[in-house]
Structure formats: structure tokens, C-alpha cells
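Each in C-alpha cells, the structures are laid out below.
In the two complexes that follow, chain A is the common piece, with chain B as its partner first and chain C second.
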Partner chain A sequence: MSRDADMDRRRFLLRAGKAGLGMAAIGALGWWAHDTQGPGAESGRAESVKLPSFAVAGTGGRVAVVKSGHRVPALRAGLETLGGIAAFVGAGHKVVIKVNAAFATPPALGATSNPELVAELVRLCLKAGAAQVVVTDNPINDPASCFELSGIGPAARQAGAKVVLPHPGAFRPYTLPGGRLIVDWPLMYGPLAGAHRLIGLAPVKDHHRSQASVTMKNWYGLLGGRRNVFHQDINGIISELGRMVTPSLVIADGVATLAHNGPTGGSLEDLRPTDTMILGTDQVAVDSMAVGLLGLKPAQVPWLGLAAQAGAGTTDYESLNPTKVELG
Partner chain B sequence: MELSRSQPSRVQRLLSLAALGLLALVAALMLWQQARYDPASWGWGGAASAGGAGLLAELAIPGLEPLGPGEGFTPATLSDKIDGKAELYLAAGFESLATRRYALAGRSAAWLELMLYRMKDDRAAYSVFSNQRRSGAQLSQLTPNAYATSNALYLAQGPWYLEAVASTPEPALRQGLDQAAKALLAKLPATSSAAPAEADLFPAQGMKPGSVVLLAKDAFGMAGLDQIFIATYPRGGQELLAFLARRADGATAQKQARAYAAFLKDNGGNPQPAPADLPGANLLEVFGSWELFWSQGPFLAGVRGAEDRAATLALAQRLRGTLEKAQP
Partner chain C sequence: MRIVTVRRISQGFFLALFLWFCLVATVGERLWQLRGWPVNWFLELDPLTGLTSLMAAGSLYAGLWWGAAVLALTLVAGRFFCGWVCPFGAMHHFVGWLGARNKPLKERVQRNAPHPAQQIKYFLLAFFLGAAASDLAARLAMGQVAAALAGALVLGLVLLATRKGQGGRAYALAVGLVLAVWVAWSLLAPSGGAWLLAGLLDPIPLVSRSVNLVLLPLADAPARVAWPGPRFYQGAGLIAAVFFATLLLNLWRPRFFCRFVCPTGALLGLLGRHALWRVGKTQARCGACMSCDASCSGAARPAGRLRPAECVLCMNCLDGCPEEAVTYATKPSLGGEAAPDLSRRRVLAGLGLGLAAPPILSLSGVLGPGWNPALIRPPGSLPESEFLRRCLRCGQCMRVCPTGVLQPAGPSFGLEGLWTPVLGMTIGTSGCQPRCIACAHVCPSAAIRPITLDEKLGKGEYAAQGPIRLGCAFLDRGRCLPWAMDRPCIVCQENCPVSPKAIFTRLAWETVLGGLKAGPSSGGELAVSGKALKPDALASGDYYLQAGAARARIVTNGAASMTLAPGPDWRAPTPGAPLSVAVRLQRPYVDPARCTGCGICQHECPVSGKRAIRVSAENATRERSHSLLLKGAGPG
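Let's turn to the complex of A and B:
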């Protein structure tokens, strides 16, 4: 006779009750752990932020073009032309330098901001009285590797800057007023909190998707989340980035231009010496000049026109009477 | 019936213990495996693990040491590695990417990175290889489609495309690139490494060496104009572009020629009478340059982008001649 035959009603009810209790306990545990809200923005439920203008009063529409094969002298000359670093950075300021540290590639490839240039800019800001200089980016590749292998991290730290890598607490939801794409999107606000000045420092690069990557595209590194969805509307997102950020100053490094196979490049032969650095407070004007180093006219680059239409600056850079300096 | 609490038999007890022991063994194996997790071996998803991650994980290169674990990327994450250039690979038929860095023994600052792309087939690999070919690079003997620049080595082999990039152009690293490629080629399955047959159908005389490119998708801005081969012919300071594509049959080629003519007309092209010695061809003047194309058996072929009408016609006649010989 099988053991089940020994079962009477009392034992059956007892076992059924225990099994029921077990199932109820597991169900209750699942209910307790269930997230009824579902996954939200990666910035969590943090309060959304507004991004202030970092423009410096009285410096609007200034653009300088320096012809030189050497970055550090070009930067110094360019800043001098714009009124000196003191026109932008004052005593006690917190200055944020948004570099392009997108890739974990060596500096020689020109896919990232040049470390010597970053270091010199940090030194100049500190010399002008800045209380703190923050160098930051939210790279495409692993952030720690990007900052180390690009040389930006060590160079910036050695010059006295604080290097801030992205971390979950740094992101806050942000909506661009009137924006179509940047809506309730994680913005790397942490390094910008309390900042007095924001300077963009980007190399001039060919870009497979957007034709060119200069200072406005560089703000892409302030976004978090699955931002690659924006590649489907690359012109739209760059023009919105231009509206999102009103910088104190932008610097387009075209001393060597990544002229082919951008934005990553890979071969030293992808670079072309163009001996030009463009600095200015109108990022649309600076980028419009910079795309010329790639053999493009502003009218051929849709995001420039969109940004200008949206009021982020002008593609007619000559109307700003850019100061041109040629170093020997 | 007498009520009694039955005890499990000896066999049941042994079976239960065996089952518990098996579960404990599985848990121990999982913990052990997780402790020595190597992303290079597993990638970030099914597609990556089916690609080259395993090949790189077990790759031994004389004189080089792995610089950390490798990484794997799928179509969904490719842009996390190469940003906007992902579109080029995705359009061509990207399946997975495996990457790993290696440094010279004892010199972690002197490193190279291998990026092994698994494409859907040989043509897809040839497409990304040819689209990024650096002009002036040295041909490499490693495969029929391989070249080296001062700091990098690129090759296509079957459905694989390898980019090997060194941090500096120093000789030891260049040698490392060569050794890495050889070690990897020895592990890749033996497949065809020749260029697709269409690449040999362009007239050889006057063609810029290494200029044959396979445009995988939406060539010349026209949606659906896929799998187009182009070759460049420098002439008097300008470049003529010859193109061809083999279609399933003559009717398909004819239909696409008509569609391309309509596309050009919609975009400002001005149709002209066909040249007498190229009956049935389409000739359009598009903002000062000429587009001449036709269908020939299963081929769609043409010449575009030149301002010189006579040169366009001459190259078209030569291309027509080589295609005549190629048809069965």
C-alpha cells in the first residue's frame, strides 16, 4: 500500500494549510518587493534642475582666431585677444571646464581634448583667482579609463584641478524649456552645482553622423541615460545642446583636426595639421568657423542652422568681426 | 484505519541528499565561475559572446600582456564604444565587437588596442574596411585586404574586420600590431579574404589605388540604393566617381536606374538627351556636375560628380566595356 493511502482528512488539511501559508508568504514577499512605479529616469526621483546661463556680462559676441601650430601659446594669445582670462574668471570663482574625454584613446589620436591644453587652461584659471577648477565629462567609454588613457585626468590633476567623473548622484532630471528631445533627461548637474563659470574645450573633429563635432556637440557629455537614442536626430540634439548651455567661453582646438573617420579616428593619418584655435563667447559662431577646417561651409551643417534659428548664436561669424592673430 | 506519521524510506533519504548535494555543487560552481568572471569571454550579450570575445580572451601575443579584461559590444551597445561611427557598422551589418588592450611587457604606458568586429558576412566586413581606408597607407601582406598606417593596422578577413591601434607609432608597438594580427588570423576560421568580385570590374587604368569602396546602404543619399561599389579616378584636379552594382536580374537593375533618375530629378537634376554612343543611358546635369548611368544586364553602373562632360562620357564608355566582358 502506498504511503498516501495512510493520509486521513486531518493530515491532508494540515498539509494543505501549510502549503497555502507558504504560498501566501512567497506572494506577500513578492508584493512587498514589487516596484509599482517601474524604472524611472536614471537620475532617480531627484528634483529636476534648471541650468543657469554662465555667460559673462559684457563679453558677448567676442571671437578670436589664432593661427599657430602650438596649443599653449595659441591659447594664451587667444585669451589675451578676448580681454585676458581675467575677463572671464575672477577671484573665488568655481570654474568648470567641460572637456571632451569621450574615448579611452591616447591623446595623439586627437579624438579627445588635448591634455596639455587642458592643463594650461586650468593653470590660467587658478592664476586668475579661481577658488576651484573642475574638469569633467561623462564619456562614451568607461570614465576612469577615458580620463587616464586620454591623459586628461593626470594633466588636469597635476595642474591643480579637481577631476570629477560621472556617478549616479551627479545626475538630476532636466528639461530644456521648449525642448523636443531633452525632456526630463538625466543631466550631469553635480559638477555644475555652484559653478560661476563654464568653459567648453573641444577638439575639431569629423563626425560620421553629424559631419562635424566641435564645442556644441561637446555638451553631449553632460547628458546621461541612453543618450545614443539621440543619434537618430543628431542635428536636433546638437542644436538643443546649444540652447541648453550658455557658456562663459568655448575653445575649439583645431591645431590638428581629426579630418577623417571621426569621431573616434584611430590612425595618426586621420589627423591634419590645421594650425588654428578658435575661442569665443558665441558657440555657434565658433563652430561655424571651425567646420571650415573640415572643408565644410556652415550651410552644409544642418545643426548650425538649427542652433542659429533657435537663438543660440550666429553662423555669420564675420558679422562679429573676429580678431585674427597669427603667431610666428 | 490507524493513523501513523510515516517516515521516509532509506532510498528516499539518499535521493534527497543526492539532490541537495547536486544543488550545493551547482551553487559552488556558480560562485567559483562568477569570482573569475571575464567579460571578454562572455561579452555583454548573446551576440557578443558569439563573436570575437572568446578569441581575444585566449589570444597570446609574444611580448605583449593583456591590460585588463576585454569588453564586448552588441548592436544595442556599439555606440557606447565608438559613438556616432556606430551607424556605419550597423548599416553594413554589424553583429558584435570584442576589444582588448595589450601593453608591451613591463611598460603599461605603451599599449595597443585590438577591436575585432564580427559582421554578418564578407561583404559587410569589406564595406566597413573599404569605407575607412586611409589614403597613403602601406599595404600589408597579412590578407588581401589589409594595410598599415604609422600607428595602426586594419584588415578584413571573411566576416571579420580588425582595427589594431597603438598608442604611439614606436617600432616595438608597430611590431606588436603585426604580431597581434598574425596571432589572431591564426585563430580565425579559414574563409575567403578576397574583395567581392565587383571590386575588380572597374577599369584599372587611371583608377586611384585602393579607392574601391562598398557603400552598404542608401548610397548617394537615396534610400534603398544599397550595395554600391565606387571607385575614384583623378583627372585634372578633379575626381570622377565610377559606380556599379550587381542586381538579381536585368529587370531589377533597370528599375533601379529609373528610380535613381527620378531621385536626381526630384533633387534638382536636369535630364539631358542620352549620348549617342551610350544608348539608353540616363544623363543629368546636377548643379553643374554630370551624372551618367545605365543598366547593363544585371548591372547598374555609372559615373558621377564631374564637371567635365567629355571626361564623364569617356570613363562611362570604359566602364561599359569592362562590364561587357564580365557578363556571361
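Let's turn to the complex of A and C:
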């Protein structure tokens, strides 16, 4: 056998080896990626996040009503009555304030949470030792514009809060345990992750479909997706929202009530001075009192009954002996 | 420092400035937001933008006079804009440089040799000028500016005719003939309109559109500096295709777009070819090393007979000449100069086609009976015939729009509408925000007038004329939940931002379950028979039990019982009485007298595909002939 022939054989074996490795690699890749089932109906679903209770132990059933035409003093007096902000916010806490920033309208029109009130609440939380205060909402109108035009964004930032706007990464699928509507639905979980306290702060507003929009309807702004489909069962969704969120505290701002053309308003004539702020740990009780500012009785508002029935609170607010404060 | 280094710094600076202006065009007060940044400056510098808008609209709006400054400077210094300022030129220059690296001299000389297709840009320039001047003749009598432009044109033709050589006279006669025919035609059959089609290929609008509507949304998706959420632009693929095609073609011929396509470059070339200072050889014969030809960005053949109109002043020839035989001076090149490849026929064809384009495209009736009701323009937009005279298709309005509702119109809106702004109600974050006039104030050419908030909302001194309407919302009762499917909804009514609301409701009761019979009642609870009920299926608060004409709201229900919340007129039905269940429906209606066409209802409608309420351009205030309502008629 000549030397050349030997080289040829060696070269052939080498090339054959490389080709064999290549074949094996392709075969292995094909084997590894092979799928005999195909995608199932539930493919692409992520696991549901869990929403803890934000209630502060020992503060259950506290409700305060402050009669005042000025928001900041009303807030201070109301919190004082409930045991002070320190009863709810402690050192090192991450506090989330869920405002109503639904519309890109100026604060004077009252369709959104009042910026001075937001700022004061932020300051009080920080003073009570909160490590971080987050102000958030997933508004209906353009989010950035809503926070700027409503004045909430600048006021909250100036008071030292972090303002979190909705973005795709903030949403996680959520299923309400025992829920009928909120099933595998995008929830704005980002700002809530790691939070110790959750405070709802909402104006009292007329709402043609649900009759009233107060603190429980305000949680609508934690949902993402095409959440408007839930309007088919507005009472059902508000009561599920009341079950979904167990807040540390809710505040219904009825110093002025958006009495007509709600929930958007749009004219100063839609507002009515009602000089009332209701604060409490029982959101059903707070909302039951607040609908009175719109001339409604709790029994006329189906979502209140449904929420009470589901265990989110009581419509019989008098049974909680709400503290009444009147400021001059 | 080498002159090419200075040139590169200049290009880099202006490109960076341009990109910065793209980034900061976000409404807001922070340093990286709009504040007072002159974000339109590059569009204003582009002289073709100014010239065509002057011809079509009759004035140089706001900062568009910057283009005149560039033209004036070009008369002195040549195409400095192309080589030193234009951000699109800088991109082409860079990609062309990438493509030519490590190529042998011979191939680089070949790539940078003059190519007959360089004529195309003059053809395009003639076409766009023609389209912008299409009805200049008919408007002569109407405006001083039009008269002055026409005078300048005639003067130019006379000058051209009296020039010796190069067939100037024949040229002038031919152009004059085309124009004479045109004047005659347009006086006899006025109003084809004049359209600013230049924006389709005008370099600064093109690059603004591409960066703002394609590159920025991609780059900002993870960074979220320009917008808090994702940004969508319909038809971004077509814009991107044009942009990347022009960029990649630089690998075949450096500065492909500048040499073959750019109508602004053509304009500057024509004006700058007799510039006071220009590039040229200081000796008739040199060593013929071809290093200047190999690096010439504009394919102007510096080694031979220079074509000054093609020279973009990149100064590569000066820098690379081993004999220092190339200079930038007030003398013409000693190597001789060649006129641009201006084929008379092509220029005439371009001009003629351009003049004819608006009337031809108008044959589809876009400004008349064939108007497109999907063409919902931003608030403050001029009537369509005026809008098309001014819109640069630059995309600044779509960039700045806080909600992202402003979209580039696609090919379905015709050549005249392509990439002009149109509201895509379902795609932004929430229709057109009532308290926003950002687009009207960023528009560089006033195709969208700079309206005030008071004018948009119809307040203050505008109270009598009412708000600006973009169109009117129409309900599609076949798709609407309360109208077609017996399901409560009224999300549209809830979100209507007008006060009092432009969407109102009327109460309707639809029987959804019959054949029930009353059983005994105790307290609020009533036994029912006839059909088994699904427990709690009627507990949503929207269902009512009917007995004759009386109704009571169902609070909860079991399989054969109901808990009722009776009203004052409810009497417990006698056992055996026939009962039925009705759903309480609030059905939406649109009041066209109040509707501003903002589209928020359409955006929020839960029928997620083709919405059950949709805005259409009827009743928009900008087109009086499209109004719906009679003034003073009707109850309210």
C-alpha cells in the first residue's frame, strides 16, 4: 500500500467522521425538538400570581366620616380618628397608593383623585417611616397624559413618591380564587409586588352603568387587557374586585362629588360640593356611605349587596359605629 | 486638522442633533422632552420642503424660511447641506464607506464613476415641482406670491433662452410651451389643486418619518424613554422598506439615494453648480492617480471634467490628492466642468407629469364625491384640498401625539394620502385626547393649524362656533351588545369625554325568559315554577321579574325561587300568575351635535375587533360640505 493511498484513507475516515458527527447532531436536534402532541388549548398561559391581603391586623371595621370643605385637613383629621397613619404604615414599608387617574382631565373637574390629597397622603406615609411610596393606576385615557394632566404625577413625585405607569412588563395573569369573571386576567402586579400596604384613594363619582364609582370600582384600574367586557356584568365585576383586593385603607373623597355626567365629568357644572370625606378599612361600608352623597341608598346599588354577600364588608355601615368629625 | 475630519465631525454632530430632536419630541417639560427644543429645524432647513410648500400653499410658514437660507448659502458655497449637514446624507455616507472599505482602487473608481441614472433625481425634482405648481397658473390672479413665483419662472425662462450654447433657447421654448399649455388648461378647467408630493422622497421628511415611526419605537421598547408603553404605527413595514432599501443600496453605489433619487440634492445641485466657491483642480493635467475619483461621494468625476452639480463637498478629493492639485476656491476646475445630465426630455416629462399628477389623481374624486370617510385628520387640519398642499408626510405629528392615535396613512389612501396623518382610533392608547393640541403646534407646515385649546374645545371666544369635530361616532347596532345581544354595556357612554355627554342612553326592557309561573311568596322571596332556573344566573342586578306591567329587580335566584328588591309599584303576584324575566338595557345613542369625533368611545368599545361604535369623518368641522346637521334645526 502506497503512502498516498494511506493518506487518502486517513483523510476519508476523517471526513466520514465529521460527516457522521454532523448527522448525529442534526438527528439529535430533531429528536430533542420532536413533538408528537402539538400545542394544547391552554398553551401560552402563564401561572397566576397571588394577591395577599393588605389589611392591617387589629384595624378591622374602622370607619371615619369627616365633614369639611378642605381635603388636606379632612384627611389628617380622618386618619387621626382611625388611630393615626402610624396605625397603618410602619417603618420600612412599601406603600402602594392606588389613585383614580382614569382620565386626562385637569384636577378641577374632579374626575380623578385630587393631587393635593395624593401628595398629602404620600407625605404622611413617608413621615410614618415608609421606605417607599408608589402611586399607580392603569388609566383609561393615555396613561402618561392622565398622570400629568390630572396633576397627580407631578404632585406625587414632588411629595417623594414613585409614580408607576402601566407597561406590558407590569402585568401578570391573575385568577381570583372562586372567581367567575377575573380568571386568568392580566393584573397590574408590578407595582404591587413586595408591597406591605395598599391604600385606595378615589373620588365619589356618578356612573351611568353602575350608578356610582367609589373605592371598590377604583380597583378596576389594577386590571389590564380588554377589561371593558366586564361592563356586561358591572355589579359582578365590582364585587369581585372587592374580593380581589383587601386593602389596608380606603379613602372616598366626597369633598366635591361628581354628580352628573360621570365618570368623566368635563364641566365644573357636573360637580357638587358635598364636604365629606370617608375613610375606613371596610371598603363596602365606606362605599355604602359614599353613595349617599349621590342620593342613593345602598339597597339601590346591586354591587354593594353582592360584595357584602361575598364577604368583602358590610353595607350596614352604622353597625360599625363610624366616627364622625366635623371641621369648622 | 484634515478637512475630511472636520466634515465628519460636522456630519456626526448634525446626525446626533437630528436623532436628539427625534428623541425629545415627547410632550413634557423634562430635559429629554419637548420643552422648547426646535425639533422641526432639519425639516425647515430642507429647501425643497420650503420651495414646494411655497409653490403649493403660497407662503413660507414659520421656520420654513430656513430653507431659503440654505438655498442662499448654496449659491455661494455649493452643496454644503448634502455633505456637511444632511443627517440622511450622513447615514448614506457611512454605509457607503462601509461598503467600499478594502475594495481595490479600480473598483472604487468604477463605483464612484458618473452614472446615467443620476439624471433620475432631476426628473423627480421636476415632477415634484410640477405637482406643487400644478394650479399656480390658475391662482396667478389671486395672490401676489403666486404672481411673483410665476414672474420668477418667466424670468428664468428668458434668461435660459438668452444663454448661449447648451441648447438653452430650445430648452426654454420647450418648457415655456409645456407651461403655456398648462396655463391655458388650468384657466379653462381650474382646480385640480396642487399637491405636496415631494414629501414622499424629500430626504428630511423621509428620514424623520423612518426614524420616528420605525427606529425609535424599536429602540424605545426596552428603554421606555420616549413613551411609557409600546408604540404602534400601521404600515411601518413599508416605511422601513423604503428606508432600509435606500441604506443598503449604498453598498452597491455609495450615496445611492443622494446621487440617483434625492430631489433636494437635485435642487441644490442645480443652484450650486455655479457657486462662488467650488471644488476643482488647480492644474489641467495631473498624475491621473485617480485617488480623487475613487473617493468621490457624489460621483462628480473630479479627476476629469468635474460635474459641480453632483459634488456634495465631501472634500475627499482634496484630502486624498498626493499632488495637492485639488482645491476649494473661487475658480472653476482647470480640468474642465460638465453641466449636469439634464436630459431635456426627462425634465419636460417630469414637469409635465408633475403638473398633471394632481388633476389625474383627483379623477378618483378624493376631493369630491369619492372622499374617504376613513380619512379622519388631526384636530386643526385644514380642509383636504389645502391640507394636501402643505403636509410634508414628515410624521412629526405622529411622533409627538401622546396617545399614538395618529397613524401614517397607508397605500389605501392613495399616492396623495400616503404617509399623511390619519387617526387610527383603535391603535393608540385612547383616541384623540380632548385637552391636547400637540400635533397642531409641532406641525412644521401648518397643514395642522396651530389651534388653541379654547378653539379645540369651543370655549371662550370660540364658544359660539363650538368645538372642533374630527368626525362623528356611528353606532353599529348589529354589533353593539345592548342593541344586538341583550347584554348591558354602555362603555362608550361612560367614556365619552364631552359634557354633557354626546352619547346618551334610552332604557329598554327585553324579555329574555318567559313561561314562568308565580308560586307562594314570603317576604322578599318568591317561588317560581315552569322552568328550572340556573342558581344565581339572574343575580347580576340587571335582571327583573315581570308580572304584567310591574317589574321587580332580582337580587338572587335559586332553581325555583327568587329574592326580589321590589319597587313601590310592585305587588306580590297571585300564585299561578304568568311571569317573565327581562333584562334592563341602557341602549346608547350618539348626539351628532355634541360628538367631536375624538374616538375614545371607539377605542374603549369592548367589541374588540371591528368596534360596535366607530368614528367616521362625516360632520368634521374642517370640511363644511361634509356636515351632517342643519343649524338651528332639531330640539336641542
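Basically, the second predicted complex is superposed on the first by the 281 of 328 C-alpha atoms of A that agree within 3 Å, B and C clash if a C-alpha of one lies under 4 Å from a C-alpha of the other, contacts with A are read in each partner's own complex, and residues count from 1 in each chain.
One rule holds in what follows: a contact is a pair of C-beta atoms (placed from the backbone, for glycine too) under 8 Å apart; a residue touches a chain by one contact, two chains touch by 3 or more.
As the structure is a computational prediction, the values presented were derived from the model and not from experiment.
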TODO: Could you classify chain B and chain C on chain A, in the superposed arrangement, as clash or fit?
DONE: clash
- [ ] Return first, second, both or neither, reflecting whether A:Asn141 touches chain B, chain C, both chains, or no partner chain.
- [x] both
- [ ] Please tell me which partner, chain B or chain C, touches more residues of chain A.
- [x] C
Open item on the list: With both complexes superposed on chain A, which partner does A:Asp8 reach: first (chain B), second (chain C), both or neither?
Closed with: first
Open item on the list: Quick check on the superposed pair: does A:Arg123 touch chain B, chain C, both, or neither? Answer first, second, both or neither.
Closed with: neither
Open item on the list: With both complexes superposed on chain A, which partner does A:Ala299 reach: first (chain B), second (chain C), both or neither?
Closed with: second
Open item on the list: Just to be sure I read the superposition right, which of the two partners does A:Asn261 touch: chain B = first, chain C = second, or both, or neither?
Closed with: both
Open item on the list: I'd like to know which partner A:Ala108 touches here: chain B for first, chain C for second, both or neither.
Closed with: first
Open item on the list: Contact-wise, after the overlay, does A:His207 reach chain B, chain C, both or neither (first, second, both, neither)?
Closed with: both
TODO: Just name the clashing stretch of chain B against chain C, choosing from 202-210, 238-246, 256-264 or 310-318.
DONE: 256-264
TODO: Touching chain B in one complex and chain C in the other: list those residues of chain A.
DONE: 103, 105-106, 140-141, 149, 207-209, 228, 231, 234, 260-261, 263-264, 266-267, 269-270
Task: Residues of chain A that touch chain B when the two form their complex - done: 3, 6, 8, 10-11, 102-103, 105-106, 108-109, 140-141, 149, 207-210, 213, 228, 231, 234, 260-264, 266-270
Task: Residue ranges of chain A in contact with chain C within the complex - done: 103-106, 140-145, 148-149, 165-168, 207-209, 226, 228-229, 231-236, 260-261, 263-267, 269-270, 299, 302-303, 305-306, 309
Open item on the list: Which residues of chain C touch chain A once you look at their complex with the stated criterion?
Closed with: 27-28, 224, 227-230, 402-404, 428-430, 433-436, 481, 487-491, 493-501, 505, 539-542, 553, 555-556, 565, 586, 600, 604-606, 608
TODO: Please give the residue numbers of chain B that touch chain A in the complex, ascending.
DONE: 1, 3-4, 6, 79-88, 113, 132, 134-137, 149-152, 163, 165, 167-169
